[in-house]
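Data first, discussion second: the structure below is written as structure tokens.
Letters A, B, C, D, E and F mark the chains as written, and numbering starts fresh at 1 in each.
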Amino acid sequence: MRILFANPNTSEAMTALMVAEARRVAAAGTVVDAATAGFGSAYIATRAEAAVAGHALLATLARHYDGHDAIVVGAFIIPAVVQAAKELMPVPVIATGEAGLAIASLLSRRFAILTIGAPARKMTEEVVEAAGLAGRLAGLYDMGLTGTALTEDQTAADDKAVALACEAVERDLADAIVLGAGSMEGMARRIAHRVPVPVVSPVGAAVCQAEALVRMGLGKASAGAYAAPQDLAMTGIDADLAAFLARSS
Amino acid sequence: MRILFANPNTSEAMTALMVAEARRVAAAGTVVDAATAGFGSAYIATRAEAAVAGHALLATLARHYDGHDAIVVGAFIIPAVVQAAKELMPVPVIATGEAGLAIASLLSRRFAILTIGAPARKMTEEVVEAAGLAGRLAGLYDMGLTGTALTEDQTAADDKAVALACEAVERDLADAIVLGAGSMEGMARRIAHRVPVPVVSPVGAAVCQAEALVRMGLGKASAGAYAAPQDLAMTGIDADLAAFLARSS
Amino acid sequence: MRILFANPNTSEAMTALMVAEARRVAAAGTVVDAATAGFGSAYIATRAEAAVAGHALLATLARHYDGHDAIVVGAFIIPAVVQAAKELMPVPVIATGEAGLAIASLLSRRFAILTIGAPARKMTEEVVEAAGLAGRLAGLYDMGLTGTALTEDQTAADDKAVALACEAVERDLADAIVLGAGSMEGMARRIAHRVPVPVVSPVGAAVCQAEALVRMGLGKASAGAYAAPQDLAMTGIDADLAAFLARSS
Amino acid sequence: MRILFANPNTSEAMTALMVAEARRVAAAGTVVDAATAGFGSAYIATRAEAAVAGHALLATLARHYDGHDAIVVGAFIIPAVVQAAKELMPVPVIATGEAGLAIASLLSRRFAILTIGAPARKMTEEVVEAAGLAGRLAGLYDMGLTGTALTEDQTAADDKAVALACEAVERDLADAIVLGAGSMEGMARRIAHRVPVPVVSPVGAAVCQAEALVRMGLGKASAGAYAAPQDLAMTGIDADLAAFLARSS
Amino acid sequence: MRILFANPNTSEAMTALMVAEARRVAAAGTVVDAATAGFGSAYIATRAEAAVAGHALLATLARHYDGHDAIVVGAFIIPAVVQAAKELMPVPVIATGEAGLAIASLLSRRFAILTIGAPARKMTEEVVEAAGLAGRLAGLYDMGLTGTALTEDQTAADDKAVALACEAVERDLADAIVLGAGSMEGMARRIAHRVPVPVVSPVGAAVCQAEALVRMGLGKASAGAYAAPQDLAMTGIDADLAAFLARSS
Amino acid sequence: MRILFANPNTSEAMTALMVAEARRVAAAGTVVDAATAGFGSAYIATRAEAAVAGHALLATLARHYDGHDAIVVGAFIIPAVVQAAKELMPVPVIATGEAGLAIASLLSRRFAILTIGAPARKMTEEVVEAAGLAGRLAGLYDMGLTGTALTEDQTAADDKAVALACEAVERDLADAIVLGAGSMEGMARRIAHRVPVPVVSPVGAAVCQAEALVRMGLGKASAGAYAAPQDLAMTGIDADLAAFLARSS
């Protein structure tokens, strides 16, 4: 099986971090290829960056999807963009965010999410609400660190995450913890033994869900919300995306 | 007062239709300028087109917003994109969809929406849910006509809309009707006397809401969800948008 | 255009305060007339007073509505009464509360409301829930001052409001502030520059919404929830209301 | 135990019908006294009539409550008014509507309500939503008869109710039926053997709930939403209500 | 009238405590018989114990229900089990939990629940949500005492309950307090005068609701969710339950 | 990896059908062992059978879980029982129902479920609501066949399922179909090419989710809702369960 891991952020370092985690969790025999957005933001954390990421992600997928059985999108806070990819692509598309929430909901009555920065906080909250899981959110906990700081001092970041996770368990009765940003990937394995409830890596969750869809043969719908649109014509757009649309119509 | 009417679709004809309605409703002394998306889809009706529209709308606003007191975006089904514009722009941004729903909710216990085509139907439904108004939706009624057909035979389109509206009133107890697509603008005035409940033009509603914000002096927040993000850096994006970001940081 | 501003409270001073704000926001050419309830409570703050206000408001409107294009009711916490007015009156009726919430929802992901006194707090909360906006309420903040104290020491009241608003922004991530009582009208303009998010005057919002309905020609429904009831006969009621019912049937 | 049955409608015939049912269900030793509204509508079926009923009900209670342990209000669609009575009165107040829904929710996963006329339908729906029971409403079924017709041809009314109830059970999977209007009282006993699920009389339910509160000693709160307001002063109101307020402050 | 009070816990002492309260509230002429589960847990406080209680309660009812007009189940946190009993038994079944919530919702806009121990807390929360009353829950307050401690030092338990109840009223605006565990029965009468809002005994509430159903003749449905299943065949189960199923098919 | 597939029904034939599907989907290297409930119902379809299944499932797991990395429970409509197993067992427990819904929610905006018989219908609906997915349920479609009929004439059953699935897609806009009963397992592969949207096998979904949890190392929580209860003591229960509890405390 061949999975395309697509990062809608332009940071190659972040792609590398997430793909490493994806490959660690992937089953024997699953190949994970990586693709990074060609334009947009290095680290999507605002609505404006998320809006531009729509164009960028579809362009990236158009360029790289060929030959893959499923696509994993490394993103928590761009649900509208992920839905567009589900609609347009001929193979299943899973976002790390939705997969992490699905796994957390199987493991808990109530889960907490660690987030990075105020702007992402509200967008994360909206993702939870859209999933119908607002009633099961124990809380959002802000790491108080930028993505950069997070990778520069891993020990400090891990300590902070453990402290927040334990606070979520004790004060807000969380039964599971979800890492709410790609720059925290890798942390789940490192801190698991220090937190009394499961810590979910959304990248790992998404790879497993993508494999599940492929193994069950749950392919592209030819009707409904995610059926491929007919004869889409867009002008002035990214060349790879334009070529994809031309081939598809 | 000066309002920028921005069409995230690339169709100039659609811009003209909507701007005509905007000007008809605008107060004396309000100037409405028009801008049309420079790339993307002529008529956004799918999630993929909505995703690309994020980039296109921000680029359009970056190019044209200067000198305006408020922005109206002619769009019903791209709420994530509209939120990005609210975040990024230094003046208030109102979408026709959210404004049409706000007016309908003041006029009714339950409202119906006329939509164009299956893909837009589900996206419209999600807009209503996100507004917290799902419990007040009497139903969605599909015109069964493309945007093109709609403008080519206005009489047939009006007759169809009247029939659906009356069905919504009688069968589903709708107290107001909302026109769910920009290509229906102008219709509200034409059919109002044939429908026993108010028929809302979202373009008209948005112009009035934009004027209201300006007259009340409700300007840009410097904190919270729609505060301007600091030092946004995106690469490879539309030149006008890049220039805007450079100026803003 | 001629708008009737109706105060369901019996306090003429409060009417004056609210009407001054209404006139300040009204468009050139809009005349705002004032009417004050002839019986009931000077300042509605409990459910019992709200219950009596139903009779009083309908009587006031029956006496004064003639010759007006729309009615604004100066009330936040009497939604059932406002709905009755929408049903009975032949022109559009807008309450300051519903209008303030509508404007706040266009400006924010989450808004806070400043309230006066414990009894009004729960009633305000219910208004937000009924509007479908409970998920977007950042919180209710009690001014801890009676309406009287509020008008006697404006500086203290403004300082208190600014402090609460800033707390709402910082602690509960509010993106907009709504003034939850008529006795606070005028304050929005005074404190706007001291609060980092927009501060909404419900009176201003309602005047703008009323003008919008008139300009768009969104008149009285002849079917549905707010159609005028046929042949209403009530005995022993206020003479003006009785005369209105006699004329209408 | 002494219960006051208060009819917010002015029809003595309707009072008689409801009180007969109340007495039939009351425990041995419970005395049920009757009071009928002194002004307002003979049969409340619109929002305007419900609004006037606020004043009328409080006046009726002020005049008659003395010497009673609890109050039952014969009303389904005036929840705001009933809450005002709960706040103002020194003894527990139960409405037939809320009691009927409470009993139905203990007997069913999903219940249906028989209603009379279109205006009452939407108000009934709102009562169910406010009770948090919208997810358990199988449907509202309109008797298609006025209250008058209902009492004039009891056989026809019973047949119609049985037909609707059976349709609700078969088509919408209702497990219980609630009679949604006072003019249907007495019917539950007559048709019970013809309907395969329980048929709930709201008057009976309210009497039982009132007795329960008294037997359990669950009296007036001195804090919270239904604590008696202090020093209420209203002018120009019903004389009995004014006297009650004067005595209470 | 004859009511069976069934305790799904195996503790006879707890049965005695609850039945004493049941008899105190029951009307003259109502006989309350007691039955205690023959197997399972002395004090159900976890999901595993609740799961076993399904078998145990149905067995207990099969053995003892004969000759009773209604059944009260002394349980707050086993809603799925109570529903099974409603389905299987030929007479009405009421749980103390659902009855306590129903009474609290008639007395308050918002109620608080006193609970015992962390595991029960989340299960109680789910009961409130399933009842549609999540929006009216002021909070859950943990007594911080085991059931045993509670009965051993009644004075300390009462003091703790009063302190928590007053905190709920002041901080979270609770208008009523519900005792969330059978081992607290008897406390409501003892502390009522020390708490400014009503304190609800779920056992008392359930006895009153059971009497209400019997007096109103609201018997077993022959259709819908709680109709008796046909020809249930289960093997290897409790002998009394097996005998009951054999008789019923 | 070793997964225990536990059937809470007593039918060995049904176990065989489900386990066959589980093994087909399982990854190379995953061993799936089977266990069937020792007492209770052959085919759980009512609340009474579901209640007994609590005891039966825990007993089955106590007897067989040893040596397995995760447990899959073959059940859609016994969510309370599955939660008990999650709490009690030292390894992750996944039910087919929750797993099927999780996969469907990743594949669709709205999904439909094929059910067997009226009693199961309402219980299935409640499972969807508890998962927070009520807003995404396109509808429940009753196969109109008993489990027995279903297995006896597979062609007829498949034709019926295809017809219902296509109706769900066309009429209710379903984007995915979920098989709502274990006796339909195997059908998804057979009918997939005849249905225009993905058809989800809950058994397959659960096996994949269980493998995911094990591969990600998401083990037993030592705190929160699913932490193992301490010192559980139950008397009179199944011998294997009693032995398990004795070992655990």
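The definition used in the following text is that contacts are C-beta pairs under 8 Å (C-beta built on N, C-alpha and C of every residue); 3 or more make two chains touch, one makes a residue touch a chain.
This one's a predicted model, so the numbers in the text were calculated from it and none came from an experiment.
Colleague: What is the set of chains touching both subunit D and subunit E?
Modeller: Both subunit D and subunit E are touched by C, F, going by the contact rule given at the top.
Colleague: Please identify the chain with the largest separation between its CA centroid and the CA centroid of subunit D.
Modeller: Comparing chain centres, A lies farthest from subunit D.
Colleague: Check the residue numbers that subunit E and subunit F use where they touch, and answer same if over half are used by both copies, otherwise different.
Modeller: same
Colleague: So what angle, to the nearest 5 degrees, turns subunit B so that its CA atoms land on those of subunit F?
Modeller: 120
Colleague: Among all chains, whose Cα centre is located farthest from the one for subunit F?
Modeller: Of all the other chains, the one whose centre lies farthest from subunit F is C.
Colleague: Hey, how far is the Cα centre of subunit A from the one of subunit F, in Å?
Modeller: Centre-to-centre distance between subunit A and subunit F: 27 Å.
Colleague: Can you tell me which residues of subunit F touch two or more of the remaining chains?
Modeller: Counting only residues that touch two or more other chains, subunit F contributes 83, 109-110, 122, 134-135, 173, 225.
Colleague: Between which chains is there touch?
Modeller: Result of the pairwise touch check is A-B, A-C, A-E, A-F, B-C, B-D, B-F, C-D, C-E, D-E, D-F, E-F.
Colleague: List the residues on subunit E that touch subunit C in their complex, please.
Modeller: Listed in rising order, the residues of subunit E that touch subunit C are 109-110, 135, 173.
Colleague: Using the touch definition up top, name the residues of subunit D that touch subunit E in the complex.
Modeller: 25, 27-29, 83, 92, 94, 98-99, 102-103, 105-110, 131-136, 169-170, 173-176, 188-189, 192, 196-201, 204-205, 208-209, 211-213, 215-219, 221-227
Colleague: Spell out the part of subunit E that touches subunit F in their complex, as residue ranges.
Modeller: Against subunit F, the touching part of subunit E is residues 10, 38-42, 45-58, 79-81, 83-88, 119, 122, 225, 229, 232-237, 241.
Colleague: In the complex of these two chains, what residues of subunit E are touching subunit A?
Modeller: 118, 121-122, 126, 129, 134
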